[in-house]
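Each chain carries a letter (A, B, C, D and E) given by its place in the written order, and its residues are counted from 1.
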Amino acid sequence: MLSVFATVLRRDLLLAWRRRADVLTALGFFLLVTSLFPLGVGPEPEQLAQIAAGVMWVAALLATLLSVTRLFESDEADGTLEQMLLSVEPLAVIVLAKVCAYWLLTGLPLVLIAPLIALQFSLSPQETGIVCATLLIGTPTLSLLGAVGAALTLGLRGGGALIALLVLPLYVPVLIFGAGAVDRWRAGLDVDGNFALLGACLLVSLAVAPLASAAALRIAQD
Amino acid sequence: MLSVFATVLRRDLLLAWRRRADVLTALGFFLLVTSLFPLGVGPEPEQLAQIAAGVMWVAALLATLLSVTRLFESDEADGTLEQMLLSVEPLAVIVLAKVCAYWLLTGLPLVLIAPLIALQFSLSPQETGIVCATLLIGTPTLSLLGAVGAALTLGLRGGGALIALLVLPLYVPVLIFGAGAVDRWRAGLDVDGNFALLGACLLVSLAVAPLASAAALRIAQD
Amino acid sequence: MSEPQSSAARLPGAPGFNLFHYASPQTFYPLAGRLLWPCWLLAAALCAIGLYIGFFVAPTDATQGDSYRIIFIHVPAAWMSMVVYLAMAFWCIVGLIFNTRLSFMMSSALAPTGALWAFVALWTGALWGKPTWGTYWVWDARLTSELILFFLYCGYMALQAAIDDPRRADRAGALIAIVGAVNVPIIYFSVKWWNTLHQGASVSLTAAPTMATTMLWGMLVMALAAWAYTVGAALLRVRAIMIERERHTDWVRQLAQGGGSRT
Amino acid sequence: MADAADTPMLSARALSCARGRVRLFAGLDLAVRPGELLQVAGGNGTGKTSLLRILCGLSEAEAGELMWRARPVREVRDDWKAGLLYLGHRNAVKDDFTPLENLRFSAAIAGEALDADRALRALVDIGLRTRLDVATRNLSQGQRRRVALARLLCGTRAALWLLDEPFTALDAAAVAQLAGAIAAHVRGGGAVIYTTHQPVDIDVPTRACVNLDDYAC
Amino acid sequence: MADAADTPMLSARALSCARGRVRLFAGLDLAVRPGELLQVAGGNGTGKTSLLRILCGLSEAEAGELMWRARPVREVRDDWKAGLLYLGHRNAVKDDFTPLENLRFSAAIAGEALDADRALRALVDIGLRTRLDVATRNLSQGQRRRVALARLLCGTRAALWLLDEPFTALDAAAVAQLAGAIAAHVRGGGAVIYTTHQPVDIDVPTRACVNLDDYAC
């Protein structure tokens, strides 16, 4: 079980390495969206600092949404998914490994680049710290929930947009707790509650999402 | 030439009709993003009205980006694209027909729903009118440019994110002129310039994008 | 396994036409090697002179104090970022028309240097913005379009990296380079078309210069240094690309057997 | 002059093809005349598919010249395109359409009008009578292939057919029927270039075979 | 008892299968014993692929019972899964990997360890020696199929192979080699259920054939 986890993780990372551009461009997307918002919204620095956390969170969410669609797609198209379903190893473990690889490739780089973007929005160091911390706990949740959506819509037409429709409602609490933390901190309130809630979201989705995705995949293949 | 345009248009619309969910969900995505934003940013009405045009434009842009990836994908996968390349009809016309169908299915509904969203952001009727008009001229440009990106990245790894990296820089001027119109109107300046520039963008991309996409498709198939 | 034959050799009338002599990698490779050192030396010398003028000869600015001296890096970098992009687009057009492999190689060799210049222009501009405008970044037309230029470079490189087949990579990249070239005039004229925070053009061929002559000289010398560096870096990289792409051809094998004689 | 039986419909001289860093074949000459059947033979990976794609203009040869009715294809690009019909490994059918819709749209994309009656008859002939209103996604492998092949049965303007492994996934009855259709086209003055790994009997007077194993580098 | 030659490895009773509104077959009984080769025959669309997917648990039958070594599959799900190997129409190879990487990862996903040497030997045996470091996306149709089939050559724990049209896209040499591998597996006490439309000679003592045309509804 551990070995299949490690193998699938390594496999997905290797695949991504073969497509290095992928990793770079997911980042590029995040950078671009966060730069686009000021363009659309107007350049007043105070206003930007006001909405910075929100914009970064929405961008992270969209970056996930945009790419998570493809989580199982290629495995489905070439028949590897059938083989995963037929494996003696539990499917949920395989799914979890895939989600881990996915997060390492899209979530983590985004968390690492976030301080730079915070700078661009002229956030203070503490605010930057809070935004990055919420992203660090929040993005794995986004990936896990995204996986469920991806599994559910697998093979359905509509793909990306349909996923968005299914998953966004689940993303909303994460977004609110995550983006809200900075606002609370600015208002002088404490943010432990937000972190606790984000952590709880992560734990719950860690427990439920792989199983739910596995079940959805079985249904999709029938 | 006209008949192949009509046929491909009809074909893509029929395909979309078979997958009704698709049309609904592109809309759903737009609705969700524009509703998420107030959540991320905080609900003060004046601030919301300030950023409304920007948010709607960014949402439209992202909705396009999210779905345009698939413009040629399925035709490529099942070999129809080969047949299009081999057709005696000019490829650019076929591409144009596909883009038209795409816009009718994703751009137009979004323009039609925009007044509702403007209401949600408490924009005035004139502002609403300006936003909708800019979207009406701007979204076809987004679709056309997106088609070039989709053709260029066809079959490549990186998919969605790579498209974003390639196309977003070209989207930025459209976004600036589009979202800027309301701001200028509010500031008491005239907005004819913005509309003229948006129109120019549309005309240029109408002339260039189908040809560029066709060229990119030929390159991709080699 | 054998080498694809030189496409330049198949050009109609190519043998008689002198310019095309250097259009094939095996003839261009040694030429590039010979040009390499002069470029480096020139770049170093000009850079030394330019910095000397910039930091010791040019007077302190009345309003900005000494912070304006960033101009000696900022402006040449900004110029080069635009010039290099145009050069890339030019080589791509040549490549598409004449079907020469070398032109595409030149284009891909130029991209990283161009991206570097765009980045330097953004970076120095941002550093300069803090003392003069009170902020690192504003969403002004010139700044934005320069940022877009940087992303275009990144897009070009990412696209090429994502395609294995060199032929397809060349042609797909060419499309981006050519379509993206529209952005360059936008950068250049943005200060005219929109009234913005950023400085307008003060160097022009038709009007009298509006800045101190020593400043102007410093900038021009630095610009020449940047040119020399760009040419040198591009030649170095194009040699590497040639070797990597043509490693299975006879001339590269001979080169390898020849004990690494560089020219 | 164009239709004189001795002018090759499509001919290639000194064709060579490289993929990645491997040259697949070189110095290949080939010609197909009206009323001729040409099989491209060779083991897996010898370049049959690559050759067919070059012959129809989907990819470019590394070197060599291609002639359509004795004129370089560059000059007669439209005639060339109008004159051929290529069916590849992939079926070019849309999963969401019924067989009938697929057939009509693929003819339209190629630029040929096709009336519903004729299309229907072709589909019935090829054995899809009971599956006419099932979306193609639900058809079996062989049935999808039949949808694609139905285009050959309903009359096409193209004089030259390029068929890449047309017999895969078909059962014995369908193979015999397709062989019949190919033979009829050839006897009617058309030409066919095809590849296959299955031994199939096609009943025509003249048949030629190019074996790519002989041209390997 | 489990390996006694007369206990069927996999057996099905009164199986029926419906797709959409069409019932494909009904009342199908079938059993395959160690050392047996079973061909599932039938025209296009008679339900061969559907049957194989039911037999390996990818889809569910409409009615009927499935037994693994004489026990209902529900009870011995893990043994059942560990005991079979299914290769479908689709190759389950990743375009971006080299053949070797593909082979090793697909074994790992199935839960089998495979050392590099053995994998390499299998690939060389199946004729991919010169393409070992080419990404699978650049291989020809037949070469991809070979990558997938290489798994059969490098020894697997699975006693029962379910092969859906294994011979498509292969050239004559590869077909013969695969037939040999199947024969060897069967002679070694394994069992194979396969479908094909090509007449292929597999040299085994006992072979059976289920023709789905006989069970059509």
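FYI, contacts are C-beta pairs under 8 Å (C-beta built on N, C-alpha and C of every residue); 3 or more make two chains touch, one makes a residue touch a chain.
The structure presented is a predicted model; accordingly, all values stated were derived computationally and were not measured.
Enquirer: Would you mind checking which chain's C-alpha centre is most distant from the centre of subunit C?
Expert: E
Enquirer: Going by the average position of its CA atoms, which chain sits the greatest distance from subunit A?
Expert: It is D whose centre lies farthest from that of subunit A.
Enquirer: Between subunit A and subunit C, what is the gap in Å from one C-alpha centre to the other?
Expert: Going by mean C-alpha positions, subunit A sits 37 Å from subunit C.
Enquirer: Counting only Cα atoms for the centres, state how far subunit B is from subunit C in Å.
Expert: Their C-alpha centroids are separated by 33 Å.
Enquirer: Can you check how far apart subunit A and subunit D are, centre to centre, with Cα atoms defining each centre and the answer in Å?
Expert: It comes to 46 Å between the two C-alpha centres.
Enquirer: Multi-chain contacts only, two chains or more: what residues does subunit E have there?
Expert: 89, 96, 135, 138
Enquirer: Could you list which residues of subunit C touch at least two other chains?
Expert: 144, 151, 154, 158-159, 162, 164-165
Enquirer: Where in subunit B do residues touch at least two different other chains?
Expert: Residue numbers touching two or more other chains: 18-19, 77, 156-158, 162, 165, 168, 172, 176, 222.
Enquirer: With touch defined as at the start, can you tell me which subunit A residues reach subunit C in the complex?
Expert: Residue list for subunit A touching subunit C: 19-21, 24-25, 28, 32, 35, 38-39, 42-43, 45, 119-120, 122.
Enquirer: In their shared complex, at which residues does subunit C touch subunit A?
Expert: Per the stated touch rule, the residues are 135-140, 144, 147, 151, 154, 158-159, 161-162.
Enquirer: Please give the residue numbers of subunit C that touch subunit B in the complex, ascending.
Expert: Listed in rising order, the residues are 141, 144, 148, 151-152, 154-155, 158-159, 162-163, 165, 167-168, 171-172, 175-176, 179-180, 183, 186.
Enquirer: What residues on subunit D touch subunit E, complex-wise?
Expert: 19-20, 22, 42-45, 47-49, 89, 127, 130-131, 134, 138-143, 145-146, 165, 168-175, 197-198
Enquirer: Once bound in the complex, which stretches of subunit B touch subunit C?
Expert: 148, 152-153, 156-158, 162, 165-166, 168-170, 172-173, 176, 208, 212, 215-216, 219-220, 222
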